[in-house]
């Protein structure tokens, strides 16, 4: 059932290892900046993940969407909240977001079957 | 032969079912708006599908391209007309459209082998 | 001081009047859908404006950014929260977001000088 | 009244002269390819301009939109047809297309006041 | 080991054959223009491939990235140079480039195992 | 004559001052990363500016293009080399790059009239 998200997590980790082994200073610093941007601050991490998710959806990046869906699940985003994030992404980005929206709904359902 | 387009249609339908089951009011209304935009009007549906296709190509959305290719076939777009849609998409969008153009030509040929 | 945002509001209104006078059913329904997407729901309007803002920034749409900055100001987004929205937009969207970020910081300061 | 479109045409011509004076073989050949793509073929020039316009709108290029609006006017696109092109562009591209849509409606009205 | 890049080359060739068999004059001329743009000139082909690669990365086109990685390898781009191309692509394009960056690092390593 | 580029430089500096005064840690670190990415390394600064320029052109960011044109001029990019950068940007990004290309040619000519 939860195969596709687990395969995604595994592949992401393997490829990240190559990047962090081979990548130079700019790459490593960027990855650091990226990680820190989603930590609790004036906004809690949950809202920041929602911001990262809506940005990923309008830019139509499936891997980025999957990652922020996973983090959103961990941070306790509810179904109703997720539907509102999806709605704003769809209205802002238009029908070209739909293929990503379809996959996002399926991944979101799948995430409910996983224990952390 | 026509396996790839049929798998696309089946997956699209399955995922659409999840969206329409789980999605709220904004999502459903958007899907409605999207469907209605391509119906016969001042322009016939055939031309509207061509407009949707060229938009999908320059935005580089494979699923959107496949769907509008399928509809264009049903609406009777000819090979010569399709070549002109492809040409405008390529000139407007540039060489980054080429990977999508390659797949679109292959799907277009495949669609000729299917009966509706 | 606050001239540029007031000119933006005035021009936006004038042009919206043309769209709503001339635009057909699809255009009007879309505008409706767009307005409703940012109303209080599972997320308060303030968070929804933040979602709309980050989406507008990564898609690099100055008019959309200005509008959501204005709404964010009305909904009480703080300077610290705004800095976090800007940071996520910059990290997700990269240095091509910087010209829009520069203008957004200036508009945000300008908005503090206006009474509603 | 028709000042903004006439200024656009003049500036476009002046800048095109620089490009064609300074640009090398690839630039010149591309410009040639671009011009030929919109000539009468299996589709009449009018439909090709509509295809170019919808592509320009979803890619949010104001200069490209202005140019294709001008050509569409010359080719006899009706108000009803233009509304359908605008509707498809808005549905496909989402609310980030709206600022361009607003300006496009205004230019389209302005074009009606010009004699060729 | 080097399976994924070889499968990419084979599929690309097969699909290109369809395009060149079915495509009209505009398509063929564009392909020609595209090929010529990367030949030795004021800049050597190696630098031109680097330009094509960075453009492909910020536009997030995996097939384009793979092709320019392959050509860059043939033209003798070093690991240090590749890391700088990747760094600029990441800084300009932002974190949405990361999924493509991950795959690009893996393909770049894979290319070292192939003889031409 | 050289007014437009000088106004660009002045406005950019004024707005950057606001960003660096108001912006938090993530913003400042990103600006730092951005500056460092274009310094001499395995590739000389001149080539890195060319990479930044082509990326800015295909992403259609006028401010980014102006900045890299200015830096390219300082690093000694020749007219022939600039024409090749422009050609690759045009072929990769398509005709929607043309409005930016037109302005870039004009700015490039203007830059020749300025002493540093």
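A, B, C, D, E and F are the chain letters, set down in written order, and residue numbers restart from 1 in every chain.
By definition in this document, a contact is a pair of C-beta atoms (placed from the backbone, for glycine too) under 8 Å apart; a residue touches a chain by one contact, two chains touch by 3 or more.
Since this is a predicted model, take the numbers as computed values, not measurements.
Visitor: Looking at D-F and B-F, which one has the bigger number of contacting C-beta pairs?
Guide: Answer to which pair has more contacts is D-F.
Visitor: For the interface formed by B-E, which of the candidate pairs B-C, D-E or A-E is equivalent, sharing more than half of the contact pairs by residue number?
Guide: A-E
Visitor: Among the chains, which has its CA centre at the largest distance from chain C's?
Guide: E
Visitor: Measuring from the mean C-alpha position of chain C to the mean C-alpha position of chain D, what distance in angstrom results?
Guide: 27
Visitor: Could you tell me the distance, in whole angstrom, between the mean C-alpha positions of chain E and chain F?
Guide: Their C-alpha centroids are separated by 23 Å.
Visitor: Based only on mean CA positions, could you tell me how far chain A sits from chain F in angstrom?
Guide: Each chain's C-alpha centroid was found; their separation is 32 Å.
Visitor: Counting only residues that touch at least 2 other chains, which ones in chain B make the list?
Guide: In chain B, 26, 30, 33-34, 37, 55-56, 58-59, 64, 80, 83-84, 87, 90-93, 95-96 touch at least two other chains.
Visitor: Inside the complex, what are the residues of chain F that reach chain E?
Guide: 33-34, 37-38, 41-43, 47-48, 50-52, 54-59, 64, 78, 80-81, 83-85, 87-89, 91-93
Visitor: In their complex, what parts of chain D are in touch with chain C?
Guide: So the residues of chain D touching chain C come out as 60, 79-80, 83-84, 86-87, 90-91, 95-96, 98-99, 101-103, 105-106, 109.
Visitor: Once bound in the complex, which stretches of chain A touch chain D?
Guide: 58, 90-97
Visitor: What residues of chain D sit close enough to touch chain F in their complex?
Guide: Those residues of chain D that touch chain F are 12, 15-16, 18-19, 22-24, 26-27, 30-31, 34, 55-56, 59, 61-64.
Visitor: List the residues on chain A that touch chain F in their complex, please.
Guide: Touching chain F: residues 26, 29-30, 33, 36-37 of chain A.
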